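Next come two complexes built around subunit A: one with subunit B, the other with subunit C.
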Partner chain A sequence: MTGPRAWWNLIREPLLSVLGAFVVGALLMAASGHNPISAYMAMIQSSLVGSGLTSTLGRATPIIGLGLAAAIAFRSGFFNLGGEGQFVLGGLAAALVCLHAPLPGSLLIPTSFVAAALVSGLWAWLGADWEFRFGVPLLISTLLMNYPARLLASYLVSKPLRDVASGLPQSHAIPESAYLPGAISGRFHLGLVLVVIAVMAVSWLFLRTVVGYRMRMTGLNARFARYGGIDVGRLGRGVMFASGALAGSIGAIQILGVHFRFIDGALTKPFYAWTGLMVALLARSRPVGVLVGGFFFAAVQTGGFGMERAVEVPRELSQVLQALIILFVAVGAQRPVRDLEEGEAHV
Partner chain B sequence: MSELFSLLDVTLLNSTLRFVAPILLAALGGMLCQRAGIFNIALEGLMLVGAFGAVVGSHLTGNALGGVATAMLAGALMALVMAVFVVSLKGDAIVVSIAINLLAVGLTAYLLTALFGVKGAFRPTDLQGLNAISVPGLAHLPLLGPLLSGHSILVYLSWVFVFASYFLLYRHVWGLRIRGVGEHSAAAQTLGVNVAAIQYGVLILSGVLCGLAGAQLSLGNVTLFVENMSAGRGWIAVVAVMLGQANPFGVAATSLLFGFTDSLGFRLQGLNLPSQLTEAVPYLATLAGLFLVAMRRRRALGT
Partner chain C sequence: MIQWVYFDRRPALFMTEGAKNNPPPALELRDILKKFGRVVANDHVDLCVEPGEIRALVGENGAGKTTLMRVAYGLYRPDAGEIRVGGARQEFASPVDAIATGLGMVHQHFMLFPDLTVAENVVYGAEPSRFGVVDRSLAASQIEQLSRLHGLDVDPNVLIRDLSVGARQRVEILKALYRRARVLILDEPTAVLAPRERDGLFAVLEDLAEDGTAIVFITHKLPEVMRLAERATVMRDGSVVGTVTVADSSPEEISRMMIGRDLPAPPTRERKAAGGPLLVVEGVSVDAPSGRRVVHEVSLEVDTGEIVGIAGAAGNGQSELIETLMGFRPTAAGKISVAGQPVETLSIANRREAGLAWLPDDRDGLGLALEASITNNLMMGSEARPPLSNGRRSSRRGCEEFASVRAHEYRIKSSDLRAPALSLSGGNRQKVLIARELPLAKRVLLAEQPTRGLDFLSAADVHRRLLDHRAEGHAVLLVSSELSEILELSDRILVMFEGRVVGRLGSAEATEERLGLLMAGAVAQATP
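Up next is the complex of A and B:
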């Protein structure tokens, strides 16, 4: 399915959804007394040119990464809504390693990533394990687990790990030897490269490996996959571990490449995980689609700030546009999950 | 031990029903959708839109009941959008719900700035909250008085709706149709039931109920709007529907349980415990509830 017609079929609905959302967004702006054309112009100018482009790419890094993490789970039929908690715990684990592990500087970066991937992978694995072992619906358990994860991190950096001198709820700064290459110079740090490599790796996994084939088959029809001899319980636990591990690694990228300490709310307030989830839905869980869609949503967000500065349209319009896109995408979407009731059938 | 008992004091009793009401109202809405075969996980967003509508309405009309009416309208409109996408356009209900939840966050934040020029929170000085109504004869009873009396009108209404929805579902022809659509929509259709109309109806009703839930949050429990103030309560309501087996009294009982943990968490803050720990209590209780749902299902299947 590589002909131009197949490609068009794949991107037709996302494109129409984007178009529809921007039309509705224009109506909303007109209704609240703004000129939508100048607002959209300001949005494009401030997100795709010069320093705007730099900041779009910086924002795109976590969004693409978290979109890919969601896509791994969605494509296999597991609705992982816990990206936010997995992202936060990964960042927390990375910060803890950098602050407390008695390691030489050169080992801090790889150890942080391993710790972040393990912690978040296991956290996500729990959701899968509970579904297959007890029939607890993963869609809801993963979502609910976001709250304790976020609150735990918030507690740790407000009390035991707090950098009291800074006066803010945040951990101490990590040593410079743990900074990702390129992080000090500006926004182009190694994170973007790592994320692009991850996109290619997952694409290869889906299309060229047996595991990827099993994942796709399970995503299309779990019962049929089980009938065909796939151990869906094992696959699901592995998929959720991988999805969580990737989300956790993105947390590490943000700490080691952007914030250099764990700041309460810094990973959750920009809505990265939810934006990533939307990107995965828009891209129908295709890795290359996540790359393009993640860049696009990052541009919409960066553009939102520029738009607010230039023409005083509230930047929250970006969030409205994104949600509208997903609303349109939902029409004609193949159901990316098994029925909730199927929890029992896994036994 | 004595510390534990001192927690169960009058303030806790009084706050319990206040915390139950938003969860209960939203859960009743979710229950009606469930009964008509729609898995509505947009309760969170509908509630948020209601909370925003309530504050806007109260601010503009200078009357808390004007706020309640606006909240119902706002919830209903958002639910109408959801119905168009789920029922008419056959969009995936889960994806549409996620979009509605995120749209609610974005839209309320956008309108907050566009209409009032503020970000984050909106607390006009003249904002009218819902009055506490004390029930004559009840107010002075020990224990029961503080538990049952001195609440907003919406708290009392939430319990009226428990009985009303029981009547609707089991004693009224519409309820029969709703259940018919949920259990076997094709069969209901052949018997002349307008499936789409029923599904539109329950979705809009759930929007109205979530609107009321939001009004209780922003005009009852506090008197202000804060971005994303529903803070997961809509998801707790989703679990309350599952644990209550979409039965009005079951849903009421589970909402009572979750609302109690919510108020307990709030009460525990007085004990010098970290606020993050006490805030986590209701979510952990809800997760535990999810395990109960699963175990009961398993037992019912006899495995």
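Up next is the complex of A and C:
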């Protein structure tokens, strides 16, 4: 169980899942009269080369960020399904700060991030608080809290905050001083760097800190954690705050780095939060796995567009492919643990 | 015997004729090889059990007894070797096949539906039916007849969840008999029983053997072997060391065979002058989440350098009491103090801070995170202190050194402390718990069933460590359903029955008989 062996054990399942999904995808394409090889070639071309890579990275940024936010909670045993709402509220908070806060330009960016993290962190914290105070399952509360968050943002940008002149349900544009560095040049902006730093930081948190140890133990066996003296209620509230705050910050990154205003539906339509959730599951909540997986899913999605353009394979197929990967992972997920039990328990 | 038509599973009538001279063995295992990965659990094992024989299958944990019986019962497929039942060679794809040829097994963990009745559980999979509908009254009367015949006293119409552990075991035996088992395998059947229930079980087994049923009895308790079995087959490290006739052997000989050398001398317990009380419990009551009171006004004290034992059959409130002392459950009433400091309102962390530590009964579910590394399991409770961390940042070196020192000190057998705790045997898992909790027990250790499921050597090691801990001036509150353990370790003994303390004895006046009577609630009224 050391070195390369342990690594192999960790990546074997996701790798096989992905391979299996691509094989089944190829069969589906062949069955519907497309050439799978040229389709996959087009997919690679349009997602990993040149401007394709740029758009993959742009798409990967929120997916990785939201996957990481989910992973923080999942690995600690708390099922935060509210990533989408937290993401939207964070974006909204960041846009509001940039539009209305009487601050000099240089302070707009940090203030937006703090506001986004606070609002979304508290929103997620609420779910944890209800679970520990009233026994409302986190799974349900966080899932349902997506609706008020999303609809509130939708209402605000279509009524009171609407940029009427633009004719669209969106807020006014934020001042240029609030743009993330690199944002104007295209889709490669500071956000990606921030997300990669966040991945490293969370990885370090899990493996090198006392709190991270307590989070992992709570995730593996909450009763054990409680028995050992960990205040699971307090930890859970903190974890949910952190998870929400990260999701909110990703919202700020999208507003300050991509859209430059709050556009209704821009954060929710691409299903970033849900893709991130899938990535977190696929990566078993390992931060570096989320990084790799998030990039991979982004590539599959942008590659889907390319495939459609080049060989007229419907883009829905790339979504079918994603679903297949999750299915294959679900099948494989329990395997290693079970093998271990079989081998040792009765000898 | 003859009036009993439904269950004529006996070859007894045939045996009175010619076959009597040379009946084929009831169960014969030849040259069984069973591997799990690279681990050889059964290394070419032979076993032959005659009809009407009670055979003890003994050995330390991990000797391969349970594996061998699971092979016989069709739960595992052997990698080589053959199984014969009543002389005919058999291949079992699953226990269903094994049951069909007349095998029955009572597992350590019962396989019953708690929300079904006794009758429903017994007939499950072999229901008597009329016009395609399960005939419940016939099932109930069959079971009643069967249980009367064998002295297996249970009411067929009661739900399993309402039965005691001993009664559940009787249901398991009935299940096997209902399916006309000619070979009955029992895996450590006495581990969960109070002494009186154990005596009842032995009577049933003797009666069944009289009727011709072959019985294989897995255990590592020698007094039971000496009392019940005709012959004992000893296993060690996956192989059979030998089979002895119990009457011609001795516990010493069998234990030597089991462990490969002489038994360590039992630990000596010097009486130390006790200091002040470290743990004081006054009138503590505990309510289950349903609101039912499960512990009634228990008061006790444990002094410095003292082990106080709480005897009682499982499920009489001991676990709830211990969980409450630790802060795992709320206290409904009463006071708890550790070294004079009231703790009943403190959090678990603060109670640990006050010097309480706990070896829980539920090791795998509560005491360990099985999927976490051994190191991570050893760290719990010390993780925020040097040398493991500076309170915030963990030191990898510090954690690894800490774990390897503990592992060495407590002889945890593992090649890699980064491996999950799941990879350890039961004995080694308990060592991990002890290695973690003893150093944390600055004042009081709550030790719940500390040797359940452990073999001789592991159990002796645990006992020695508990006595050492006591000798260092700590207090130990020991909960055990194992009377010999209570008697061997305790300075004073309390007996719990139905949530109350029904007896308090000094170690000198306590005997197994007296405790057994108290545990069964016999004199509950006399000493409230």
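As a convention for this text, the second predicted complex is superposed on the first by the 330 of 347 C-alpha atoms of A that agree within 3 Å, B and C clash if a C-alpha of one lies under 4 Å from a C-alpha of the other, contacts with A are read in each partner's own complex, and residues count from 1 in each chain.
By definition in this document, a residue touches a chain if its C-beta (ideal position, glycine included) is under 8 Å from a C-beta of that chain, and two chains touch if they have at least 3 such contacts.
Bear in mind that the values here come from a model prediction, so they are computed numbers and not experimental data.
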So, A:274: does it touch subunit B (first), subunit C (second), both, or neither? first
In the superposed arrangement, which partner chain does A:137 touch: subunit B (first), subunit C (second), both, or neither? first
According to the contact criterion defined above, which of subunit B and subunit C contacts more residues of subunit A? B
Taking the superposition on A as described, I'd like to know which of subunit B and subunit C A:151 touches: first, second, both or neither. first
Using the touch definition from the top, say if A:316 reaches subunit B (first), subunit C (second), both or neither. first
Partner chain(s) touched by A:231 [first = subunit B, second = subunit C, both, neither]: second
Could you tell me if A:22 is touching subunit B, subunit C, both of them or neither one (first, second, both, neither)? neither
Once the structures are superposed on A, label A:188 by its partner contacts, choosing first (subunit B), second (subunit C), both or neither. neither
Shared contact residues on subunit A for subunit B and subunit C? 337, 340, 343-344, 347
What part of subunit B is in contact with subunit A in the complex they form? 39, 41, 81, 85, 89-92, 94-96, 98-100, 102-103, 105-107, 109-115, 232, 235, 238-239, 242, 274, 276-277, 279-280, 283-284, 286-287, 290-291, 293-295, 297-298, 301, 303
Residues of subunit C touching subunit A in the complex: 36-37, 39, 41, 62, 64, 66-67, 70, 76, 238, 326, 328, 347-349, 352, 358, 360, 365-372, 376, 379-381, 383-384, 389, 391-394, 396, 416, 418-420, 422-425
Please give the residue numbers of subunit A that touch subunit B in the complex, ascending. 28, 32, 79, 81, 130, 134-137, 139-141, 143-145, 147-148, 151-152, 154-155, 158-159, 274, 277-278, 281, 313-314, 316-320, 322-324, 326-327, 329-337, 340, 343-344, 347
Subunit C touches which residues of subunit A in the complex? 1-2, 6, 207-214, 216-217, 220-221, 223-231, 337, 340-344, 346-347
